[in-house]
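Structures incoming, each one as structure tokens.
Next come two complexes, and both contain chain A; in the first it sits with chain B, in the second with chain C.
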Partner chain A sequence: MLSLLILIPLAFLLLMNFLTLKGRRMAFAVVMALSFFQIYAVFCPTIMANRPLHGLASVFDFTLAVDGLSRIMLLCIAIVIFIALLVAAPFVKEEDKRFYFAGLMILELMGLNGVVMVRDIFSMYVFWEVAAAASFILIALQKKRDPLEGAFKYLIFSSVATVFVLSAIAIILLISGDTSFAAIREALRVSPHSFLITLAVGIFLAGLFMKAGVMPFHGYLPDAYASAPAPVSILLAGVVTKTLGVYTAMRIVIDLFGFSASLQSILLCIGLISAIFGALAAMGQKDLKRLLAYSSISQVGYIFLGFGCGTPLGIAAAIFHIFNHTVFKSLLFVNAAAVEDRTGSLDMSRMSGLASRMPVTGTTSVLASLSASGVPPLAGFWSKLFIVLALWQCGHYGVAATAVMASLLTLAYMLLFQRSVFFGTLEKGLEGVVEAGFGLTLPAIILAVLIVGIGLFFPYIVHTVIFPVVSY
Partner chain B sequence: MPFDILLALIVGVPVLGSFVLPLAGRIHERLRHSLAFLLVAFSFLAAVRLSSVVFSGQVVRFSASMPFGMDLSFTADGLAVFMALASLLVGLVIVIYSFDYISHYANRNEYDMLVVLFLGSMMGIVFSSNLIFLYIFWEMTAIVSWRLIGFFRGKTDVQRADKAFLVTFGGALVMLIGFLMLYQKTGSFDLGVIKEYFKTQAFPSLALILILFGIFSKSATLPFHTWLADAGVAPSPVTALLHAAVLVKIGVYVFARLFIATFPIGAVWHVILPWVAAVSSIVSAGAALRETDLKRIIAYSTVSQIGFIFFGLSLGVEIAIAGGLLYILMHGMAKAGLFLCAGIIEQGTKTKDISRLGGLFSTMPLTGTAFLFCAASVMGLPPFGGFFSKFLIFLGCVQGGQMGLGFVFLFAALMTILYLLRVFTVVFFGETKIAAREGTPVMVACVLVLAFLSLAAGIWVRYPLDMVQQATTQMIRVIP
Partner chain C sequence: MSAQALTLFWPFCLFIVILFIIGFYCLLVTFNLIRALIGLELLIKAVTLLLVLVGYVTRHEALIQSLVITLIVMEVVIIAVAAGIVLGLHQHNKSLDVRQLRNLKG
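Presenting the complex of A and B:
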């Protein structure tokens, strides 16, 4: 039944084209319904059970499987797609653009779901490209100069990543003779330490690092995030780079290659560089969305730090942080969208004291900022604490201490952001600003409730959701 | 009501209740005020009720199980209850004073919520017997003080608020690394387990230094003291709350909780730490002598007095520890009184610059008297409360045989008298430069109450001293 999560979006994507002009206005509602279905599906054991389909549908059967990690990713994808659609209304105004937008969102949903669920390295690559292609077009949807530039940069970087990943897949195919995970595992077990395999792992990960936008492979990311329309930024920061880069890396390392000492040190090194330099770069930004983009790089660094431990606790912490990052970063982008919608600008030097005019946006942004900085008792604190605990348990004391102090940098740029946008006296010329519309405050409130809720009920979340992930 | 539930409620009621206040404020201003008062008063009365049990020698515990040794557990022993009483008493007066003080500013809903949340988190710190929850409540106070210091929303206000947040957050993170070291050694964040473990093992010096970073940054001890004076831009009741009564005492309290009540520290620290405290005390007293901003003077005075408290607690002599604890109460009341008087003066004259003030005694006799009483207590003049705490610390110093340190602190005490007398004479005597009227009745009543308490605590010093003695004995001798 897992293929439903791919087949239903596909069916809707095709059928939508038969809608009349009037019916096309319902396109957003269709995608929202799809994301709701996915949230339901994640918690529904019948759908999550992997039974093969019969009849005509069996033509589309892939090697699909879900474990705890995939389920959390599916949940993140559904939440972010839903939020992005709620936010989209003021940013995608033309009737036909809206229709395209909805279609591309479905395509994105399908691609990401595929990446998360397939257990065949070539199919994974195909879905990977589906999702990437959808994001290029989404960024450039408005056909303006900056978005086109951002999309182009993203395209170029992605192509290089594609070349890397495809070459790695080719080498793997050479060794194993098959592309399914099971066959590759079998082949790697027979000859675990050959030069070719090391080469394949290296190339594969290099491609994925580019996709994840970790330093020093991050060149495209701030441009792509900042130039994209607000809902697309949410999508990119929330799930696209996380799924295509981080999740895929975790999947192939955990399922196929396994951890080795050198791999761990590469991951830790990349993680540390991203966490620190991402935060430092964020501090120098004047554009709100660029600041958030660099913050994203920094947080992905944290995820790699947890993942790089290679221990169950570390991996669980990394997954927990992926989820938390999705929530707080989406929220921050929603806040940025609200600010952009009401003031028409994202230049932080030209705004101040907006919290008094936009109380919901202001309050939720404080929660998101503090969660990102790892201030207790919010959700981000727990995942960061677990990452640090995992590092400490592995004996990486220096890395753990540096990771802790990187939180201070995070807080520093988050306070800078708060000070220049929300906290402070109201800037002249902004007296007429009012709170953003329902489509922007509702997602902000939903996400803020998630942040506080997960922070307060973390024992429950950790026991029922996060730790089962690594108990395979 | 079972006492463990009561203990959980002391923390839970203000923390959770504070979030209702903005909603109450939308209905009616007075409803929010009364609710804020009731929440804090509830905690205070519950702490009073608890003290009757705890000071008869019992220890009350509350705990709820969590993974990774992060149990939510509260313990009420003599030290915790004494600290809770001291801060809630002052907190309660400050809450009442705030009603009139902030009545004409914006963001009043946020203000009341934050103040109550602050006192609740403070109770969390005081009663937590688990390092992670201690840390959580510790950071909650940091978040709240960030918003409160930047309450007026001006550019400098917000910058200084950010500064305070970053300094204390940075210190707390270093402290967290120290906690992680303890966790690695003992496998638990629970203070009871940690205490058992270090009965036989030596305490790692690195962890001690790391934790001290956090404590010093929160207590604004040299070299982390600058945020405190800068935070004087906050509304006066907030400075009273943060600088005098509660926030800076958190560091001191956690020092007592960890390094006296839980694990013994090496003998060398009983020499090093008093010297750090001495330098902090002297330097900030010098700064207080030179400043001309009324609130900055009082803030530097706080840094200096915190040095005295650290001095008492770190000497490793029982009577000095008792003196240090007593000092927390006496200084809290008197210093809060000084800040609140400063608030009345500031609202009346619209300035904090003492060179532009003078002759206020003729128009503000009540505030002037209250200021004098509180100042006398901080100076340590008998029969005010501050005298006894200072005396006990010096007694301990003599008993410990550290005469050199004793003279340094005697000098610091002399400087305290100097700068406080200077402020008092400049502001209240001489020719009148800016005419001002007395503050509102509620505000004046509040400072008078604090002044009276400072005097009463000296006259009936037997009662607080009893509590302090029991708390000290429990910390040092009795193994629960």
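Presenting the complex of A and C:
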């Protein structure tokens, strides 16, 4: 039944083209319904149970499987697609562009779902490219100058990352001769070619680091995030780079290669560099979305720090932080969209005191900033605490202490952002600004409720959702 | 690996490595958007040949054949999107020079 999550979007994508002009206006509602269906499916045991298909339906039998990790990613994808569509209305105005936008969103949904559920290394590559191609087009859809530039940089980096990953897949095939995860794991375990395996792991991870946009490989990421239209920035920062880069790295390391001491130190090193230098770079930004993009790099560093421990606690913390990052970064991008929609600019030096004019946006962005910087009792605090605890448990005391310091840097740039945009006296020329429309405040409120709710009901959530993830 | 496969293996390998180097060199030194795409194509072709070589050496030709055909289809999609983006950039800048892409920085 798992293939439903890929086949239903595919069917909708094909059927949408037969809609009449009037029906095409409903395209957004269709995609929202799909994301609701996915949220329902994640909690529905009959859909999540992977029974093999029989008869004619077995044509659609991919090697799919879900575990706790995939479920959390499926949930993140559905939430972000839903939020991005709510936000999209003021930013995609033309009727035909809206229709294409909805179609590309479905394609993105399908590609990401495929990457999350597939257990075959080559099918994973195919879904990877589907999701990546959809996101290039989404960035460049309106054919404005800056988004085209951002999309081109993203495309070149992403394709080079793909070349790396494919070379690694070729080397793996040389050893195993089969593409399914189970066969590869078995072949790698008994294989005597340790040099080839190390080479494959290195090339594969380099490709995935490029996709995830961690610090030495981050060149395209701020450009792509900052130039994309607001709903696409939410999508990119929330799930696309997380699924294509971070989730895939986790899946590959956990399922195929297994942890080794050198792999752990690479992950920790990359994570630490990203967490610190991402935060430092965020401090110097004038453009609001660029600041959020660098903040995203820094938070991905945290995720790699938790993951690099290799212990169940570390992996659970990393997954929890992926979810929290999705929620608070989407909320911050929604707030940036509200500010852009009302003031027409994202330049932080030209605005201040907006909180008095935009109370909902101001309040929710404070909540998101505090969650990002790890202030209790909000959701972000717990995942950062777990990451630090996991590092401490493995004996990486210095790394744990530096992670805490980097969290202070997060607080610093978040306060800079709050002070220059929302706090203080109202900047001249912004007196006419009013609170953003329903489409921008509703998603902000939903996400803020999630942040506070997860923070407060943390003991319940950690035992029912987070720890079962690593008990496979 | 049979003896015949071995004799062909190293020249083939060398050719792929040279193709990789040319592709990366092209991507690094060019200031032309179309040439950057050609460099990308060279890299993807090198990977395709690498997969073919792997299939030949491990005698899994049928599997690799299906993989390579899928890879070619995906590559065409990506290059078509890239060409569209380059066309859009050309309409805005009236040039194909990468040095014109300096709007986004920081």
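Operating definition for what follows: the second predicted complex is superposed on the first by the 468 of 472 C-alpha atoms of A that agree within 3 Å, B and C clash if a C-alpha of one lies under 4 Å from a C-alpha of the other, contacts with A are read in each partner's own complex, and residues count from 1 in each chain.
To be clear about the criterion, a residue touches a chain if its C-beta (ideal position, glycine included) is under 8 Å from a C-beta of that chain, and two chains touch if they have at least 3 such contacts.
Everything numeric here is computed off the predicted structure, so don't read it as measured data.
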item	value
Chain B versus chain C as contact partner of A:R119, first or second or both or neither	neither
Chain B versus chain C as contact partner of A:R251, first or second or both or neither	neither
First, second, both or neither for A:H218, with chain B first and chain C second	neither
More chain A residues in contact [chain B versus chain C]	C
Chain B versus chain C as contact partner of A:S167, first or second or both or neither	second
First (chain B), second (chain C), both or neither touched by A:S356	first
Chain B and chain C contact sites that coincide on chain A, given as residue numbers	none
Touching residues (chain side chain A, partner chain B) in the complex	353, 356, 370, 373, 375-377, 381, 385, 388-389, 392-393, 400-401, 404-405, 407-408, 411-412, 415-416, 419, 423-425, 459, 462-463
Chain C residues touching chain A - in the complex, by the definition given at the top	27, 33, 36, 40, 43-44, 46-47, 50-51, 53-55, 57-58, 60, 63-64, 67, 70-71, 74, 77-78, 81-82, 84-86, 88-89, 91-93, 101, 103-106
For the chain A and chain C complex, residues of the former touching the latter	122, 125-126, 129, 132-133, 136-137, 140, 143, 145-146, 148-153, 155-156, 159-160, 162-163, 166-167, 169-171, 173-174, 177-179, 222-223, 226-227, 284-287, 290
Complex interface listing, chain B residues touching chain A	66-68, 70, 106-107, 132, 135-136, 139-140, 142-143, 146, 150, 153-155, 158-159, 161-162, 165-166, 169-170, 173-174, 176-177, 180, 183-184
